[in-house]
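Once you scroll down, you'll see the structures, which are given as structure tokens.
Shared chain: chain A. Partners: chain B in the first complex, chain C in the second.
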Partner chain A sequence: MSIAIPASISSRRIPVLPKRGQISWFEIVLLVISLGLVVSGIAPSLQDVILLSFLFAGLGLAWNIAGGYAGLISFGHSAFFGVGAYTSTILLLRYDISPWIGIWVGALIAAVFGSILALICARLRGPFFILSTLAFAEVVRIGALNWSSLTGGPEGLSIPPMASLAGMVFASKATYAALMLGYLVFVYGITKGLEASRFGYYLFAIRDNDDAASAAGVNPLLGRTAAMALSAALTGVGGSLFAQYFLYLDPTYVISPELSFQFALLPAVGGLGTAIGPVLGSFLITPLSELLRSHLGNAAAGLHLVIYSFGLIVVMLYFPAGLAGALNKLTRWKPFS
Partner chain B sequence: MSTLTQLVLSGILIGSVYALMSIGLTLIFGVLRIVNFAHGEFLMIAMYGGWAFSNLFGLNPYVAALAIVPAMFLFGAVVYWLVISPALDKPHLVVVFATMALSIFLQNAALMAMTADLRDIPPIFNRSITIGPIFLKVELLLGFLITILCTVGLQWMIKKTYLGKAIRATVQDGEAAMLMGIPVPRIFLITFAGGSALVGLAACVMVPLFSVFPSVGLNFVLIAFVIVVLGGMGSIEGALLGGICVGVMQSLSGYYIAPAFGQMFFFVLFLLVMIFRPNGLLGQKGAAMIGMNE
Partner chain C sequence: MSTLLEVRHVSRSFHTTTAVDDISFAVQPGELLGLIGPNGAGKSTLFNLIAGVLPPSAGQILFDGKPVTGWKSHDIARIGIARTFQIPKPYRQLSVVENVMLSAFLREKSLAGARKLAETTLADVGLADYSGAPANSLTVGLLKRLEVARALAMRPKLVLFDEIMAGLTPTEVGVMTGFVAGLPARGITVIWVEHVLYAIMKTATRMVVINRGKLIAEGAPAVMARDPAVVKAYLGEEMVLA
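Then we have the complex of A and B:
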């Protein structure tokens, strides 16, 4: 029987597929397949699913920088997503500033929000940290709902659907898919760089043992704040891209606990604290939930989420190291030795 | 003046109902040291139970509690057995995600079974009690009484009975309790099931006051989290105090400011408590450090 003896942190760490700072053949194959999917433009009906998988893989990676690498399990990331989405959209609608610039402004403001959250939660750990991030996102959501003059309130904001390169609105879904893949590769590159960098090692140290890290001269508060800010900024970029694709924003979807959970679930299913984990998680879960939704959505409301959440419980209970962990075991399996 | 008294009094009463809903959560947190994200869905299921009894048999929910509370105890035991217990020896995050997935599961299963319609039961009491210029809903007064009885009863149980002693020993040091011959896994099971039974009771009190729909739990679970943290995780009388604080704040800010901002206020309050008093108002010292080793 199980007793609440806390699992040691070392047992939680998953051997990363390639060595830190290197790229494995697995990642290259995955990239080539993704590029192929975009360039060949097969199955137009699947294009939605493909580009959403890319977008959410990027968002999962962004969450993973805070949640996986720095140990800051946040259920408030939809706040940063919303801040990014609203910033670029408001700049476009009101000041006619191209989203190509607005995205970076959104990332900056999201980073400020991320730093604020990290400072609020500086002393909190475990469930307290999680609940505070949830409350933070709720404050941002209710703020966005009620500040109608800026955000349009519950009616939301719409971007006029006129295709233009400067306006980052495209007629073809393949272009969007390329954009999302670009975002995914960008966040992936940052994650890989982080893994091999000094800052990355600081974060691992802070995650694994706060006191030991600060005794060794690492400033935990600074590390946490920087990790949260980086993660928030990248999430904000994803939010802007989302807004440019759907051309519509409203606070109840863009800043919702459900969305925050989704960002966290992808790395959890794929493998926390690994670069490939969130990508695997998104490539598995996003198509699954989209297809289940489109096939079963009309027949029975909620059935796809019933199946999806049931699968999730099973994965969490039996593969706590995620897909990356399971795959890693598989590659280490030597049948003839 | 009478408006203010009216607002404060109804705030206290509604807050006590919120507190009843939060006691199960704080109990489970205090003993198992896990946050049950599916708590709101437990409430939703029990509220549907209360609605069904009223709709099918014409029983009022206070009578139906006799069936719903034991049923929720069993339901909690089954959930503990299927989901919580296998997750307990895994990293903290597994419990978090497993209970969250359970919450999505139950919510959508309810959506499939009951559709998204709002369900109400016919009013039980035709009139409010009036004291001078002040009106009080009988349902709220009953809820207040039940909450007080429950809090006192639980306190007595935890302080005086053998089971209560075993629970306290488990909270203080699970390993030492095991060595003293306390069946810790069974204490966990009883606590989790007991917490679920308390949610069942809270649901019976809430059915006459609120409509039931599949995502009703989400609205209340966030309030419950605020209350539990405000009162100090694991503290039962803290939950009562926290509930009353939240109820009064909601009722005052709902009247003097916009209701939507009232909601924002208690999340801000929550964050302020987290910054300045992470152990809560009545929490034990170091309560915030529980779950440090995630």
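Then we have the complex of A and C:
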């Protein structure tokens, strides 16, 4: 689903199933189907679900750069999502700066937040690191709640619902779906590029063994900080897009542990440290949670969470390497080859 | 030729224990220096001080005449000192060749170039057949060879080998010993910590013996095997070299 085919490997045969650093037929077909869903305008009632699946796939991919590739399991990524969303929205409402520019400013500020988190937690590992990321997001959330002059505090901020291209507000959901698919393809391209780069290998090394990486001349702190900054920046972009679609922001929703867990969950279900993983995770989980919520939300409050959690347990039990891992197992009993 | 590595009055204490106590020695280019001593003598601590894993509590370390005391290990790696780990530390989720590529990146910035250097180095240590295998599928003996390959792919001036023979079969020890003996001729100076004494005694050009954090003897392997202090501290009985 990417456009960035590294020159050195594009000359080889295209594999059927996803491979690290290479574009496969599977990804091309998935992209064509996704484009088809956007362009054809099939099932208008499902357009919300489709565009959210795209957005969350992108967000899962962004999280995966830190969590899957660099081994920095974070439950605080909603802080970066919130920083991105608030930055572009504040720039738009206060200074009339187009979100097309504001998004990148938000990404930059989110990257700064990401670097700060990585440096604060430099010496922490495992559960200690995870808990610190949770706490970090809480600090950002409480900061946003109380700095009312900037963020509007608990009342939040609203973007006027006037459709305009410069304002990045659209009347049709199909346009939003195209925008979110563009975001997904963008983050996917960066992920694939990372897989085929020296920097990507540095991250694998730092994730798998800090001491060995350091003995090979890799600076682990620098690698971790860069990975977290990149991951945060891309998450921030997703936050801005979300704000432009939802047209309303408040700290309790955009900076919440629930959202942070969601970002981590999609790659975990789809396959940590793979490019296709977060996409498969989102295409499965996002529609499931949206549909369950809308169908069961009123009849039996909370029941959708029960079904949802049960599904997760099944995936974790039977596909510990995620959906991407299950996909790779297919190669073993392929009738041809 | 000028001294490659100089360790000057280096000490390292952990709380009340002094693991390395005022050790001084020098290594000339092209040497194959054996570093031996009983368990807990401070060999690994000394290695970690040279490799930048730990800063010394006192003393100085010079490499190529330049003070490198207290440098971080990634900076030490970049100036040409490679090391292996006593307990292998592979990148478990990567393939064997990718493990070596990460070291090769120090010399070859492109992926293709690094892969080529890694493949050559793997062939050198007899791991060519395992190039594509996942690192976590290797046996201990193969992991030790992977450690050696990773160190050599950095094209170091000085390599620190930390018990690369432990867990190898006698045949493997023979092959590895011959391989290590050939390194100085290729411009790689070696400091080698080893418990498999017959291997190191046969190969080393010079030995340094430490016990309880102190350097107790220094000289040719054959002389060391008869040095009363060494025999008392470590060997227990006189060694007869073939």
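Convention: the second predicted complex is superposed on the first by the 314 of 337 C-alpha atoms of A that agree within 3 Å, B and C clash if a C-alpha of one lies under 4 Å from a C-alpha of the other, contacts with A are read in each partner's own complex, and residues count from 1 in each chain.
Here, a contact is a pair of C-beta atoms (placed from the backbone, for glycine too) under 8 Å apart; a residue touches a chain by one contact, two chains touch by 3 or more.
Keep in mind that what you see is a predicted model, and the values were worked out from it rather than measured.
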item	value
Comparison of chain B and chain C by chain A residues contacted	B
Contacts of A:L124 with chain B and chain C, given as first, second, both or neither	first
Touched partner set for A:E138, first chain B, second chain C, both or neither	first
Shared contact residues on chain A - chain B and chain C	none
In the complex with chain A, residue positions of chain C that touch it	51, 53, 72-74, 77-78, 82-83, 85, 89-94, 98, 101-103, 105-106, 109-112, 114, 150, 154
Touching residues on chain A, where the partner in the complex is chain C	8, 196-198, 201-202, 204-205, 207-209, 211-220, 273
Residue ranges of chain A touching chain B (in the complex, touch as defined)	1-7, 9, 11-12, 71, 73, 120-121, 123-128, 130-132, 134-136, 138-139, 142-143, 145-146, 257, 261, 264-265, 268, 272, 300-303, 305-306, 308-310, 312-313, 316-317, 320
Residue ranges of chain B touching chain A (in the complex, touch as defined)	29, 32-35, 83, 85-94, 96-98, 100-102, 104-105, 107-109, 111-112, 115-116, 174-175, 178, 184-185, 188, 214, 218, 222, 225-226, 229, 233, 258, 260-261, 263-264, 267-268, 270-271, 274-275, 278, 288-294
